[in-house]
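As written, the chain order gives the labels A, B, C, D, E and F, with residue 1 at the start of each chain.
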Amino acid sequence: MSSNGFRHGVHPPERKELTAAVPVRRMPFPEQVVLPLRQHAGKPAVPLVQRGDRVERGDKVAAADGYMSVPMHASAAGIVTGIDWVPHPDGSMVEAVHIAVERHSAQLPRPRLVPEWESLAGDDVARAVQEAGVVGLGGAAFPAHVKMAPPKDTTVEILIVNGAECEPYLTADHRVMVEYPERVHFGTRIMMRALGVGRAVIGVESNKPDAVEALRATIPSDLDISVESLTVKYPQGAEKMLIHAITGREVPSGKLPVHVGAIVQNVGTVAAIAEVFETGLPLIERIVTVTGRGVNRPSNLIVPVGTRLRDVLDFCGGLNESAAEIVFGGPMMGMVQADLDTPLTKGTTGIVVLTHEETSARATLPCIRCGRCVDACPVFLMPQQLGALAQLGRYEDMQQWNLADCMLCGSCSYVCPSNIPLSQMFALSKAALRRPKAKVA
Amino acid sequence: MTLILSAVAILGGIGLAFGVIIAVAQRRLRVWEDPRIDAVNELLPGANCGACGYAGCRAFAEATVQGVVTPAQCTVMSPDMRDDVASYLGVDAGTAVKRVARLLCAGGRDVAPYKAEYVGISSCAAAVAVGGGGKGCAWGCVGHGDCAVACTFDAIAMNEQNLPVVDIDRCTACNDCVVACPLGLFTIMPVDHHLIVQCRSLLSGDAATRVCSVACNACARCVQDAAEGLIAMRSGLAVIDYERIRLEDQRAIERCPTGAITWVDGAQFQVLTAGGVN
Amino acid sequence: MNTSPTPATAPFHADTPRLELTASPHVHAPDSTVRIMWTVVISLLPIVAASVFFFGISALLIIGAAVAGALATERLTGPRNAVRDGSAVITGLLLGLILPAGMPIWMPFIGGAVAIGFGKVIFGGLGQNVFNPALVGRAFLQAAFPAAITTWPAMGGGLFDLRGDNFALPLMSGNAPDVITEATPLGLMKFEGTGTDLMSLLVGNTGGSLGETSALLILVCGAYLAWKRYLDWRVPVSIFATVALLSGVLWQIDSERYANPLFMLFSGGLVLGAVYMATDMVTSPVTRAGAWIFGAGIGALVVLIRTWGGLPEGVMYAILLMNALVPFINRFTRPRVFGTPARRNA
Amino acid sequence: MRATTPQQDLLRGVWRENPVLVQMLGLCPALAVTNSLANGIAMGLATFFVLLGSSILVSSLRKLIPGEVRITAYILIIATFVTIVDLLLASIVPDIHKALGAFIALIVVNCIILGRQEAFSSRNSVARSALDAMGTGAGFMVALLLMSGIRELLGNGTLLGVTVMGPRFEPWIIMILPPGGFFTLGILLLVLSWRTQRTVRRPQPRRWLHQAAVQTTPTTPVGVGGER
Amino acid sequence: MSGMHGGPAPEVKPAAPASRLVSTLAVAGAIAGLLIVTVHQWAEPRILSHQARVIAAAVDEVLQGPARTTTLYVHDGALVATPPAGLDTLKLERIWAGYDDTGRMIGYALMAGEPGFQDVINVMFGYDPATESVLGMRVLDNKETPGLGDRIVKDTAWVALFEGAGAPLVPTKPGNATGDAHEVETITGATISSRAVIGIINNRIERMRPLLERAGGMQ
Amino acid sequence: MNDLLWILISAMVVNNFTLALFLGLCPFMGVSARVSTALRMGAANIFVLVLTSLAAWFLNRFVLPGAPYLRLISFIVVIASLVQIVEMTIRKVSPTLFRELGIYLPLITTNCAILGLAIFQTNRGYGLAQGLFFAVGAGLGLTLALVLMASIREQTELSIVPDLARGMGIVLIIAGTLSLAFMGFAGLFSS
């Protein structure tokens, strides 16, 4: 099978043209930033400040709570107005540090010493990355330092930098690769050093020739970094698919990438790590694609973490009347937003504003067993079977059909001519299985 | 005549032969199980609801036959069914305190508005997973009736405000709704506990009442009015210590500005007028 | 449980449009079940036209009656609005196309009703059925009125003269057809041992049921659907391959007793069955491997029944029998899940 | 145990616990020999006789038969009656005997009969067992009459050989073929469950999709599929 | 799936002594045997006579009403009028010879059965070895499809075709008949069954010819 | 066509015990909900059928020649007792096997197919070999029907069957359709 792709998968319209060529701009500081204590996979951070405290940009406002956690830093200078509940992008409520941004501040970070990474051991690099609050920017917001210190009993052979950005609409990673290729390489260098791996591959879907171009042009001569151009297909960016495409190996069901000697890190993440060791600044801002037909001025922005959705939209010329739905992340897997007060978090790759034509829910018909979902599923499940079982609430039986291997990529729902919300049902079934069983049958 | 004899001989012979074999076999090979278990199992409701705390009705049947539990442990059986089992086993039926499911939310759609439209699978779990389901109060009942569907005893019906109303006569305290509710809004408690805080929102003050006019805004009046130590204010919510429920009295609810804390006698909400599970 | 929250107050943010919340994915492929079904209906119209050309107005009466029966039943017993999805029309059309022109039209009507009633609605309507409804209808009619269904009016005759007592009273038998009947190519083969030349098979001016006749036309329409990916090309291909192979071997062994492969391929209902009926996605396997097996099974059964069976034609029974095996095939061709060692069968 | 009144013993089996239509027992004869009314009646009578006879005998001997060999003993008894019936039919109405073929002999294994011995006669007085047997036998008879009536009428246009549907009627041969048997019983069951439907309401397994997507506004489309 | 509802739970019996098990079954068996055999005594003659009647009628029919018939038994490759004693006559293969009132032999009535469309078809037919022609045919029993296959019984016109048809019979498609004495038209819609009947007759004649010829000589 | 083979095929598909001859319907309806169970039931059936064929042959050959009218009663008594003994033995010897197959044995005894086999075998005057092929063919036929029905039922269980058809109604309709489909085998190898 092809060396730079995977079997099955789908081809949703890309719609990247809206922002692909738009250079990254820095968004002016909002009046208020809101820093949720839970922005990453793992334990929430614990606040260090109280109401009335004054913080400089980059100051630590919350500390990591253990290893599976990262600290949080003020993304703008100002006064802490309190710690209160705000809507979380996942729809729940979360406690957050509210900072009233200082109007006329220069927003200069406190002068700080840049960590001397060459002199550090791998673990210390990882620790520095944790201190800087870096998490995966690919969407999962998985603490980056954890991936930099893999379990001792495993050997890492290859570092894969994920520049696939297979989700429609999104161009954040694309712009990073085009505008800051050296930074990507520098970050890769640091990761390789920390992990002690000799080889790194940057995987980029072939619909971003300029990115491939830029990256190839700037590969440092002393490193074994190669840039792979991958077939354009969703979900090429999914860890397992990416690893399969690049190394030809299959991550065993239920296992982690390192079990096949690979570590996957998103380009944005890598760049962020590089920035930590260039400027000493922690992760307090990220590149976000604001796009979709429902927003007036689609753009790629550098946004301070904790900026509220409404402020970003206002800066992009606000919503037009066709706007129907606001999604954090891409339209295939992204989280839909109910509240404009929701702050952007470290994991927010993009804001996609969809219109009525795009979203208007179509009638659902019964499954006609056309098998398209079977042909779409990148992990070779039988969604139509799973779907039928899910409808009856036969979750235990679903496990027999490998529900656990479903990564909720949504390819099945995308192709289903009967418009059955398969992946949603699978998400619910997984949740139901996690719930405590009170009784039999 | 020979004919008759031969016939008698043949069948007699066959009978004899197998009589012997089976006799031997039975001596050698009998495996015995108490037949009363099946009998009792027949008498049980067969709901397999687990309210009795056993894995299904047959397990309960075994337990009762062994005398480990009294038939009354099965909250689903009607009294005379109980007596049937009891009389069949010649044991005492026993007694049990009536417990029911209570909802810790009063935010019907009239008092707790929605901020966005969820469109999709009609299930609370589903809605909550999609941007929180669009309910203004993130803690409040989203009203798609997962609990009503989960209830095997048709004890829950949705009222026109999209709040589940528990029919306390039908409710067997089987705990299904508690498990079903993605927001954990149900709890099982004895019917004779009257004082209930029908709110889970951790917001306080206006923030709380802005999204739901019957929310607990943490004004702490009930804490002062109630008997010492019965109610405590924890992170923006009044919490009743049911260990001390003996101390409960009506004073606690008198000055509550939103009516979040209530004195429940019988059904929790007004009997449903419209909607309902069909 | 249809009560559902309707907003009691205005949205919180007067300045923003009311937001919608739907589950991801938020984009969707263009194809829809309804579109697929109606496309198939359209692709069948040329074949209907051909049958009218060959069998005159009778063809239209038969097909019309079958469709009417199917739609009526779907409307009365099926889910609300089910008729709109067009699948019942397909059922009716195909049922009509596999009946002889001469029978009283109340029979196709009953056939259509049975097809939808016993073949589909009982199972829960669209997509739930195990057996191909049209063929259930046909099998029912064949077992109920075997004589009527095995008398084949001959080709030719004007557009407007009937090919039999189409208008016999409901439930009453028709008068013996005053028009000439002729044996089907397969009938001739089986009972007289005489073949029919390939050309007339392809063009279709031979005896037989309405749509069984013009192989070429059916293949063209099928190709269109396959190109639109509305039918799985693997099924017909593996059917044709198997039939050609097996009958080829037999023919090599004894070209006197056994029919030649081309004759096997293009006579009787094989083409229509392979292209339109075996491919009914509802009643065929969901996996690709399954499709190959399914087709091969049908092919083998067709050769078996045609060659050694009591009946001259076996396509209908072959497909029905394989339909029954589909749940099995699905379970055994379940693909190996990514990252798992070997296949586990549930 | 709640005791049953004699009326209940008698009537139970006829309809509410009809052996064929409700308990799904004794299906083979019910399907195999019901392609004509005459056969149906004959088979019904034969079974009735055997059932009644063996029930009386079993219940009167129930104290004597040790549990270990009861099955064998019951079968002995049943088989005796069946053989007798078989011989009688063969000598009195040979044609019907031929039509029923092996199924007379198969009355032995008709699940209904042994089922009743096991479940009732082995535990109850002769009188009650007799009532129970009559009821069950009658129930079996009812089922057979229904089946064979429908099948002969449609399949041959006749009842007891008398033309009913008129001379030009086109018989539905399938009805006297095996599939027809299955379909007829199937339809009977559907009709029955349709009648009970309206009285009792079974709880249904939840199906998300088919309780239509939530409509917050009437404009958003309803899931069409499977709504009932 | 069983019908065993209701009824009190089986009270737990102590195991009965082996002797009782044995005696119960033995006695029960004996009694059963007694009963059955008595009824059988009464029934058997009637049953046999009925069977005899059926066969006699058939023979009579296919031989076109002979004045007299005799039963012949096939015993080690020859036809004998009286089989050696000790052999159960019912177990032997039988054929019947028919004579007209002048005592001249009309022909033999033969029985044969082979698979038809659904299951085995049993036919009785008359055959005259002298003229090598079939005298008549009657289907004794068949499981062919009612309305189609069973026309081989119901279609009297078709049954009549066999009278005087020359053996071996030649099945012909309706309308293709040339008037040859050997031709028998098949039945449209029941081609298989009708061919089967013809086949059965031909085969049977084939197998019996040597016997019959010898018998013919014997006369 | 080879005689023995024809017996086998005819018993298996052409005159399938369940779908064409209406034998053994109770288990067919009752034990066809799960494929796994159906397979075991089928296996148990084949076993008992072979046992029966042997027993019947033995009785006809050595016990009953004098008294054909005792066939029925002797057959059923012998079969039932044999099965009961086998059942008890299995239950003792291998509880696992008992759970797999044993529990079906009593039900099978009550099953027309068994006695039917014995009777047909006798009426058609089959010898030992023919009898065995007949038994195996019939057993395979029963298994085939059972398994097909089971896999279909598992399938339909997943779909929204109208309330009416829940339970046995739909099973019978499926059975009817199956036996329709099996009519395709009619006349196989006979002409």
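Keep in mind that, in the parts below, contacts are C-beta pairs under 8 Å (C-beta built on N, C-alpha and C of every residue); 3 or more make two chains touch, one makes a residue touch a chain.
Every value quoted in this text rests on a predicted model; they were computed, and no experiment measured them.
Least step count on the touch graph, chain C to chain F: 1.
This structure's chain pair with the greatest number of C-beta contacts is A-C. The most distant chain from chain A is E, comparing centres defined as mean Cα coordinates.
Taking the mean of the C-alpha atoms as each chain's centre, chain A and chain F sit 60 Å apart.
Chain B and chain C have centres, each the mean of its CA atoms, that are 50 Å apart. Separation between the centroids of chain D and chain F, computed from CA atoms only, is 20 Å.
Spacing of chain B relative to chain D, judged by their CA centroids, is 40 angstrom.
Under the contact definition stated at the top, the residues of chain B that touch 2 or more other chains are 3, 7, 10-11, 14-15, 18-19, 22-23, 26, 30, 88, 114-123, 126-127, 129-131, 133-134, 144, 149.
Residue positions of chain D with contacts to 2 or more other chains are 1, 24-25, 68-69, 72, 76, 79-80, 83, 87, 111, 115, 173, 177, 179-180, 183, 206-217, 220, 224-226, 228.
For chain A, the set of residues that touch two or more other chains comprises 335-339, 361-362, 365-366, 385, 391-392, 418, 421, 424-425, 427. If you check the complex, the residues on chain F that touch chain D are 19-26, 29-30, 69-70, 72-73, 76-77, 80-81, 84, 106, 109-112, 114-116, 119-120, 123, 160, 162-173, 175-177, 179-180, 183.
Those residues of chain F whose C-beta lies close enough to touch chain C in the complex are 147-148, 151-152, 154-156, 159-162, 165, 169-170, 173-174, 176-178, 180-191.
Interface residues of chain D facing chain E in the complex, by the touch rule stated above, are 1, 4, 17, 19, 23-25, 64-69, 72-73, 76-77, 79-80, 83-84, 87-88, 90-92, 94, 98, 111-112, 115-116, 118-120, 123-124, 155-156, 171, 173, 176-177. Residue ranges of chain C in contact with chain F, taken from their complex: 118-119, 121-125, 127-128, 130-131, 136, 139-140, 143, 301, 304-305, 308-311, 314, 316-318, 320-321, 323-328, 331.
For chain D in complex with chain F, the touching residues are 24-28, 31-32, 71-72, 75-76, 79-80, 82-83, 86-87, 102, 105-106, 108-111, 114-115, 177-183, 185-186, 189-190, 193-194, 197, 202, 204, 207, 210, 226, 228.
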